[in-house]
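Take a look at the structures listed below.
Shared between the two complexes below is chain A, which has chain B as its partner in the first and chain C in the second.
Showing the complex of A and B:
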């Protein structure tokens, strides 16, 4: 860092950036009809809502156990299916094994497109195609996991040690054999750790998936909110929060042991 | 025999795995999927392949382009609110700013955890009550959620930062505020800017879903189109969302690379 790079010599640059951000903010604020005055004026509404949320109805807890377990099952199954499909595709999305740039770019483009669709929109689309139910949720989670984990796996494959590949090549292994015997053992544990990571994210996401009818505890939440039973809604959110916290620490412990 | 015990280990793990998969799968109602027909899916797919370009722009303000612009606006306002409001939380939650005091950072982190625990949809419902249905409710929902998200990441970066410049400032007699401005902020600003850009992109993605509950943006139109099974419209809207997110991804990627 030279003295020319310090704030005092670059102030016009910072000023310019701040100016641009300010203009963008004002434009967006008028676009979204933002009125911060209104927020403070009607804050009592939010306070009333939060008051109801702060009194969770614990007698409702026994009825939550079944949907919660179902949500966990859906997330686990969806994550597993997604990861299983992601493994071969991520092998195709790197040049390490195939040595083919066209296939790699094609698969990366497809994966990019899959990843850009927000999961709630994906769920809404799949509900329309497959119908309301838990199975739709599993399919949604699987597709969402597929997009997310594929990228993680192919980025891992690109960082592996190339020596085993060369060794396998020199004794005349074909591409499938290279993938199975030289690459897979090196990335296997990472894939397992990505599975737990995806599972964690999916349990969180399953809260909103139920909103469009894709099953799980989200359906219970959206029913509670629809009936203005905020004490139940808050209990559901607290339950999910605690379950996610437990899964978080569990998966972190498992991932640390794997690595 | 060592190899034998490895073999039995593998067998036990595989059996356990199969049992777990079966346990997860068996009481999920798959009958809906059984009713799924490939010909119907083919028809839907064929219609999805023909996006209805006429609705992209018609100057009415209700077309896809203007709704997408509003969606990006929601994300921008939300991310700005989140970025500004998360800073006090970060100051509370960062361990290295509270020498020896472990309770205050723990409380700060807990508050951030709670803010993150609520899904954006719930915030959207709260803010629709406060400011009425519209894009601003969505912006506030994203903003409050981003406080939790950005707050956590900002705190982690603050705790991971290099302490040498801070010590140097202390050594020449700088007080807390001076070390903040001359040692901490210059080091953290590029990282924070990159995180904010990343979350702006995430915000655009969530802003496009908040329309489901009436918080503005493109989501409402999409859900109506899906419910009416007007696949031409659906594919046009999805195409716009995908293109926008893709474009922003590339754009923020360029800016973030320059920040490094």
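Showing the complex of A and C:
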């Protein structure tokens, strides 16, 4: 069999791609002065660290319950606030109800700006403004959720059945009535599903937020690492991992039932 | 009474939907509008409640010009005009009751309607109209669980609930089977006769048009080409309306 008869008939293309990747890899390594030698040299340190990590300090578990619950509460509250603000704004960010292109573009611009701010940067900014604490975490999550969910909702609004809107218009309903009676019932379940989706993402994100002082279990983790208590850190990581796993599958199950 | 006074409609792309239409529709008439696809039937129907803005002439409903009405006046006039259409125009994810109740949004303040505060009388009226169309047992059913015929009944119930004097129906039976079509048309005739509501129907079936209406209007390329009683609608006239070659050849012999 000749190679040109197999799925590898374009083998030279694959070779070329591998070659390009290698060149890019080496070039970027040289440019950033990253040394693979160092990585391997510090291997014994890593082994020591991993050894500590592999012995989680389970006696520390009771102390984790509070911050973990706090993280969940922060995420839930932040997601809820974000979604509540996202609902009216997403109606304004489509022409479906307003029929006003200028308003739509304005709100989309604002939403685009909100979405371009990275989560961590937002948290750092808010910590600087509002100070360290759980409230800061909630606000960060709310703003992040707002940006993300607004887009999801307005994209959903644009795919709805427009006929009921016309029906409502034809009997003299005003725009707010149309939004509430003709559009909202069509997107309500999607919005609920987006809330769970946001919550799922926010639980994960809020761990990182703790690092910049925005409350929750992230703070506990950052403290443990700072004090070189790797056995505790290990337990925290395992706990987070399990909780995130549970939340993800719960949220997914709920969302599947909704849809 | 609905009066079309030299009404023309030219769409933005230059297509003439209606050309110089003059019409007087009296209260309590059952009118069928027939004509080929693209003749302007929907354009005419939707001009009545101004879902379509006409470009020339004027339409006057019960002495008030809908063409010149401002936003608020338009809202008021629209409250008395019901619309039924081929796709039923219901919120499929909402219950039958909610869809029917939405028929009177034009009468409720924004605040009340947003929070769903309807009067006791309206809840009773809702039950009555659903009973009239035979759907009392479906009050809390979601509309996407209903058959096409049932959905069309909900939309009829909605216009009854609206207490509109004029019911516009744009191909109300086009997506229904023959038996259900007959039932829906009977429902409309029943409403027309017992409640003296004006019914204007766009319809593709000449038979149904002849069977149910008191008056038939035919459009061809935006022009009104026939307006009269159903028995005046002879084969020759139909041939002319539908530009039918086969008809023409037969009658020339």
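In this section, the second predicted complex is superposed on the first by the 228 of 259 C-alpha atoms of A that agree within 3 Å, B and C clash if a C-alpha of one lies under 4 Å from a C-alpha of the other, contacts with A are read in each partner's own complex, and residues count from 1 in each chain.
Just so it is clear, contacts are C-beta pairs under 8 Å (C-beta built on N, C-alpha and C of every residue); 3 or more make two chains touch, one makes a residue touch a chain.
Since this is a predicted model, take the numbers as computed values, not measurements.
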First, second, both or neither for A:130, with chain B first and chain C second: first
Which of chain B and chain C A:155 touches, first, second, both or neither: neither
Touching partner for A:73 - first (chain B), second (chain C), both, neither: first
Chain B versus chain C as contact partner of A:186, first or second or both or neither: second
Touching partner for A:120 - first (chain B), second (chain C), both, neither: first
Touched partner set for A:25, first chain B, second chain C, both or neither: first
Dominant toucher of chain A (residue count), chain B or chain C: B
Which superposed partner A:163 touches (first chain B, second chain C, both, neither): second
Chain C - residues contacting chain A, complex: 49, 51, 74-79, 81-83, 85, 87-94, 98, 102-106, 108, 110, 113-114, 155, 158, 162, 164
Contacting residues of chain B [partner chain A, same complex]: 20-21, 23-25, 27-30, 32-33, 35-36, 41, 44, 69-70, 72-74, 76-77, 80, 113-114, 117-122, 125-127, 129-132, 134-136, 138-140, 186, 205-206, 208-209, 212-213, 216, 219, 222-223, 226-227, 229, 234, 238, 241-242, 245-246, 249
Partner chain C, residues of chain A touching it in the complex: 161, 163-164, 166-174, 176-177, 180-182, 185-186, 188-189
Of chain A, residues touching chain B in the complex: 7, 21, 24-25, 27-29, 31-35, 38-39, 42-43, 45-46, 49-50, 70, 73-74, 76-77, 80, 112-113, 116-118, 120-121, 124-125, 127-136, 138-139, 204, 207-208, 211-212, 225, 233, 237, 240-241, 244-245
